[in-house]
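Contents: one structure, followed by commentary.
The letters A, B, C, D and E name the chains in turn, as written, and every chain counts its residues from 1.
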Amino acid sequence: MQLKVERVSLNFGGVKALSEVSLEVAQGELVSVIGPNGAGKTSLLNCISGFYHPSAGKITFEGHDLTHASPHQVTKFGIARAFQNIELFTGMSVLENLLMARHTFGHYNLLDNILIYGRAMRVGVENRRFCEEIIDFMELEPYRKALVGDLPYGVRKRVEVARALALSPKLLLLDEPMAGMTLEEKEDMVRFILDIRAERGTTIILIEHDLGVVMDISDRVYVLDFGQVIASGLPEEVSQNPRVQEAYVGVDHAV
Amino acid sequence: MVDFVQNLISGVAVGCIYALAALGFVLIYKSSRVINFANGQFIAIGAFMAYALAVWGKLPVLLAALLAMLLTAGLGFLVERVFLRRLVGQPIISVIMVTIGLASVLDGLMYLTPFGSGNFTFPQFLPQGGLSLGGVSVSYPQLLAIGFTAIFLVLFGWFFQRSVLGVSMRAVADDQMAAMSVGVSVQRVFALAWAVAGLTAAAAGIVVGMVSGLNQDGLIAIGLAVFPAVILGGLDSVPGAVVGGIIIGVLQSFSTAYLDGLFSQIGLVGGGSQYVMPFVVLLVMLWFKPHGLFGTEEIERV
Amino acid sequence: QGRTVNLLWSGAVTGPTSDVGGPYGAGVEDYCRYANEQKLIPNVTLNCTVRDDQYQNPNTQRIFEEALDRAKPAIYLGYSTGAMLQLKPLINEVKMPTIPASAHIGLIDPPNNQYMFLPVSSYSEQVVALMEYINRTTKNAKIALVINPSPFGRAVVDHARRAAQRLGQTIVDVREVGSGNLDNTALLRALDAAGAQFIIHQNVAGPVANILKDAQRLGLNRKIRQMGAVYTGGSDLIRLAGEAAEGFLWASSYYTLDENAPGINLQKQLAQKYNRSADILNSTNYTAGMLAAAIAVEAMRRAGQRFNGRIDNETVYQALIGMNGPNAFKPGFAVSTKAGIEIDFTRSEQTGAEGLRVLEARGGKFVPVTEPFTSALFRQVRNP
Amino acid sequence: MRNPWAQTGNYRTSYVQDTTIFANYREIVSVVLLLVGLCILPLFLERSQVLVLNFILIYAIAVLGLNITTGYAGLISVGQAAFMGVGAYTVALSAPSLPFWLTIPLGGFTAAIIGFIVGIPSLRVKHLYLVLATLAFQEIFVWVVGRSPALAQGAAIPVEMRNFLGLEIGFRNHNYFWYYVILFVLVLMVMAWRNLLRGKYGRALIAVRDNDRAADAMGMDPGRTKLMAFALGAFYGGVAGGLLAYMQRAVVVEEFTLSRSVALLAMAIVGGLGTVVGSLLGPAFIEFLRLYVERLSEWMKSNAFIQSITPAGVDVASALLPLSFGLVIVLFLIFEPRGLYNWWRLLRSYFRTWPFRY
Amino acid sequence: MRPEDLGNILLEVNNIEVVYKDIIQVLRGVSLKVPEGQITALLGPNGAGKTTTLRAISGLLVPEDGKVVSGSILYRGENIANKPPEQIVLKGIVQVPEGRRVFKHLTVEENLRVGAVTRRDGAKVREDLERIYHYFPKLALIRTRLAGYCSGGEQQMLAIGRALLANPKLLLLDEPSLGLAPLLVREIFDIVAQINAEEGVTVLVVEQNARVALSVAHYGYIMESGRIALEGTREYLETNPDVKEFYLGVAKSGGRKSFKDVKSYRRRKRFM
């Protein structure tokens, strides 16, 4: 297993955001996490990506212990994420946002930086080329030099994913990348996600409320409720589970 | 023991002056996230106005004080109208810098009056001396400071927790756009905050005038002394301002009483630890409890 | 009428210590006007430049160098301790006779001290004199120093320590207190607990007044006698401290406004003529400014006389160091210890009026309680 | 943009082009001209005018530093003067035993170390709280110097350099000599500044200002970046302070107080935050403002009519400086928040397209 | 059928153009009508200008530095374009902003009370508060919790409740389903429908989730890049083939199409 989350618990004061959550993801898998609002999905991602540290339990990725790592350390192991409430560098262009993600790629020190010569220059050009490729891949060309703050919501969501990709991740964490999109835009995003997996072999954990999307593209699904895993398995299995129906889907299934 | 109690009481009295000065500061921060570097100037102007009304205008001291507080409130209102309002939505550094610029402008304006240089004594309307109990003494102006602070604390506490206007003031601090969406007039809230800040600053200035006389530099310096107090209490907490102010007052008193000797032993000549300890405490506080004793922590969720 | 000679004063008309600098600058200004009206320097128009440096050293430095480039003043009247100490090497290099408002002894101590002239005795001498005065009545006194948190305040500490040793006194504590001191209970109690019988202040009037008021409230005014050097006392202190100032001892070389001295009379006359407020008229700092200007004008007059109308920094310097013995200057602003001599300088003796008196606040006025004297002890402890 | 090969090559060159400081030859020429101009400028000026320039250039170095800490990393600092002080005192203590080309960088490094320490609270606190941390440092610095006998308790410590490679330095040429030294240092510091902000370390500064959580997720350690911002900004301050020590011939603590810190911040803002041009224009503007307001107030004092209409006890002339200083800050922030830099930009584009309007 | 046929026209937007920061033009002549007592839906892709339209109505362009530069917005016949938001609220138009925007550091109940800030009828406010708790029983359970720590659904309920306390005649909802789980989306829309039915509050709702929006709306507009592209009653829209394909996700064959099968080229919408 590439990622192992073992009996992780997380508390905020009295609130038990996660209790003994376990989850495993294999290399190349697309795993979805669903559950009602406040179930702890984002908290789980936050634990994996180092923003929160679990009060109990253990998280490992390819043998590295992530339990107490901070976000920038987690990134170095090859984990990238896109945020639920867009966290872009609003004052920068799309391209600059992606370049930020190349921060740790190619080493040069402060002195190289100040002299900008040789090493710093080579690294810079290499990173630029890489980012342009991703821009191309995510079809963001028209917005390359546009300030992120001025972009429509849907495009910003896409920039989020693109920026995460720029980290060359082995594991990509996507937190509701399709929220607030029309059907058509969702379809585009699904296509990107499937392409990412197909072309790069990236493992993906997806949080999404649109059950249509989740059921259609996931390899496996975990269902969280009140910080606990209440079901997991193949999409078909999970969607038949009565507990899931009750807690999440509700009577009107077809939203 | 008597010494200790006396130092404590004196510290509390001074602390109450800081608390008064801090209240207006906190109010502005609470509603608009602006750090007001011109607070000291407000304090000075309030005090000078009271002096001018009482001595030159020959008004009864209490009336003069009241009028001065209202006039300074007017000044606060004006400042918001003329300067701050134009900066809504600008980055925070701009807004801070504007208050710094404003401080300088107000300094200049004070030089246009005879108060610019020189010292003035406030007319005495309280009896000389003070209360004395078992060797512990408090002067009447100090009692006044304590009383003023208590009154303002209760008023403000009620205002922010109970009154709709107070709650919407906090709402504005949280999210201006959302507040507008339900019909809060953000501009009115800011204007009110600045006006009330002017009022409390003037109150502080008048008390200082009674305790220790008026001098522009001295009054403005109190504006600076307020910073450690508000950090200690939490930048946006009304009770925090009071508790922080009092702690800083006591800290200064205790530093002078018990610390100065220690400092000279490590080779720092001349004591005066009361000037530096508040800032040391400020740093320590920032490290261990960044939001002060009662400040609200930023709710940050990713 | 004839040529113009330049005189430069720069000091804090605004900013910190402007309560001193304001009246001081006014004194300089008024005396210059008077000198021109009276044609004190024959055939020469005196061009007095009074500039506000706001107590900021870069301003002082710029104003001074600008003057060197352009007006080329014959004499420079300086102001703050900090700026003067900083400019000392430059002043020495350009050989500019300088009369600072600050009476920091370091200004006339080597190195680079050749062109500095203090109009009256130094802060250190004032403090040592006060200690000697204490010694007249109280042996082995315990003394606390309360000083301004600046080079100005700190100027006196070492000399006071050495003097105490000679006198058998103890300096129980040295404390720095600046303006805006809201409450001095802890300070006074700590000094009391340390057994201090006397507090000597080296400060400006504001903080001292607050300490006096608190001492009175705490009933410590009987127990601890307070006193201070020249910038602590005067009409400002009385106005600020009211009756709490009663009994305060003040070391000063200047005459008070109640005395019938020629300088003081002139001061009253000029204040009226130039419409100065009562606060300025009553201020010792106004007297001090006038004295500095008077010395400068007199030196220029003599330089013109001695060197065929050549009035520049070199001749003025010569005039200054020749201002002694029968040539001493007696404008009547400061007390003197030697008959006929008020201000005298030599090449190596750069203090003007060496005499000083101790005055006591009584009934809202400072009245002298000693004859003018110089501190012999200070001369022993000045350079150990 | 469907053909990656054709495009990639193109990007590569365009990125290298992006990396160069100057967009075109015209800019190179104008920078060279500016430098030549600055080099010959003193030949036309009096000593005291050069002194004014020296102050401006020294402040420009300090403001450049502030533009790293505040302008780029967004960490508002009201302690830059104290960092200058650290540099100045380092110089004062080491000048007797070391040559100036060692003491000045040493001052920078000492300040950088202190800056690093002062920045530590930034690991925990954000935004406005941090302003107060720098305020605390500023106050503590002045206090400690004032109590330290080893630092003359804040009174003047002379810093003399009378001789450089056989060149006698005295009153006549002191200001000129230091003008060229300062100019040289400034040019170096500007180049370093520009390069820094074009590389990944500079980008990290901006990222942390913009969104430090996202920066964290991008593999940048926000804490380390903030500390670096403080250290770099302080380095500039320290170098400026070291130069100031030599230029003023002595170190006095009053040079390094809160009001100077505030003035530096004002210069940065009036000039235009985060720009080189602004770092030069800001100090120049503020210092010339000071100069001309001083002139004006002197004129007012000597003008009988103005004197006759001002009430007794009121000193209009002295009020002018704080008044104008404050007004300039306020007006700039309200009407031209991008500072003088923006004027300069507009002016430049005006000339570039002259005689056409756009 | 035209909107007039559904009831009195409460709000009429005539050909408005909106410009942000004096340079970015977003709306290029938008016109729409909101019939009184009905729910009107405004649909469209990202960046079409839906939020901007709502802001223009509620006056909330101000904090975004935007302006209505031409056209008019008539509310009961009175032009309210570019009026300050607090005046518009007083007239009875209240917007629930996109992304919930609750006051994070206030408790749930305090949030609600801020909603009543413009009201002078204090006694009635208490009553209304209970009514809100009746509609949203969840909120009653957490009235003392800080809003910042509430879950997304709770925050959305809170935002709507807060707006309702301002006593609106016309409620503007901006993407109430954003980020909410299906169960909650349903719940919230049901409550909106209930409030509309029981209290007669007119609603203009902006949504991406066309399916759920159309399930409660009486009339709908579809917006594309700053213009209204299509309008009609629910029945009309639900049967329009373009709407079916692009907004409701119904495959040509009739059933729901799978996301796995999305084609990798963009198709043109016919009505663009």
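We take it that a residue touches a chain if its C-beta (ideal position, glycine included) is under 8 Å from a C-beta of that chain, and two chains touch if they have at least 3 such contacts.
Owing to the predicted nature of the structure, the values given are computational and were not obtained by experimental measurement.
Common partners of subunit C and subunit D, by the touch rule above, are B. Centroid analysis (C-alpha atoms only) places E farthest from subunit D.
Contact analysis places B-D first among chain pairs (by count of C-beta pairs in contact). If you average the Cα atoms of subunit D and of subunit E, the two centres end up 50 Å apart. Between subunit B and subunit E, the centres computed from C-alpha atoms are 44 Å apart.
Rounded to whole angstrom units, the spacing between the C-alpha centres of subunit A and subunit B is 47. Each chain gets one centre point, the mean of its Cα atoms, and the points for subunit A and subunit D are 42 Å apart. Multi-chain contact residues of subunit A (touching two or more other chains): 51, 83-85, 87. Across the assembly, subunit D contributes residues 146, 153, 213, 313, 315, 318-319, 321-322 that each touch 2 or more other chains. The multi-chain contact residues of subunit E, meaning those touching 2 or more other chains, are 149.
Pairs of chains in mutual contact: A-B, A-D, A-E, B-C, B-D, B-E, C-D.
Considering their complex, residues 301-302 of subunit B touch subunit A.
Every residue of subunit B that touches subunit C in the complex is listed here, in rising order: 3, 6-7, 10-11, 13-14, 17, 111, 114, 116-119, 121, 124, 128-130, 137, 139, 142, 208, 211-213, 215, 217-219, 221-222, 225, 249, 252-257, 260-261, 264, 269-272, 274-275.
Across the interface of their complex, subunit A is touched by residues 24, 43-47, 99, 149-154, 175, 178-187, 208-212, 246-249, 256, 258-260, 262, 264 of subunit E.
The touching residues of subunit B, when paired with subunit D in their complex, are 29, 33, 35, 83, 86-87, 90, 92-94, 96-98, 100-114, 116-117, 224, 227-228, 231, 235, 263, 267-270, 272, 275-276, 279-280, 282-283, 286-287, 290-291, 298, 300, 302.
For subunit A in complex with subunit E, the touching residues are 12, 15, 34-38, 84-85, 150-155, 176, 179-188, 190-191, 194, 209, 211-213, 216-217, 247-252, 254-255.
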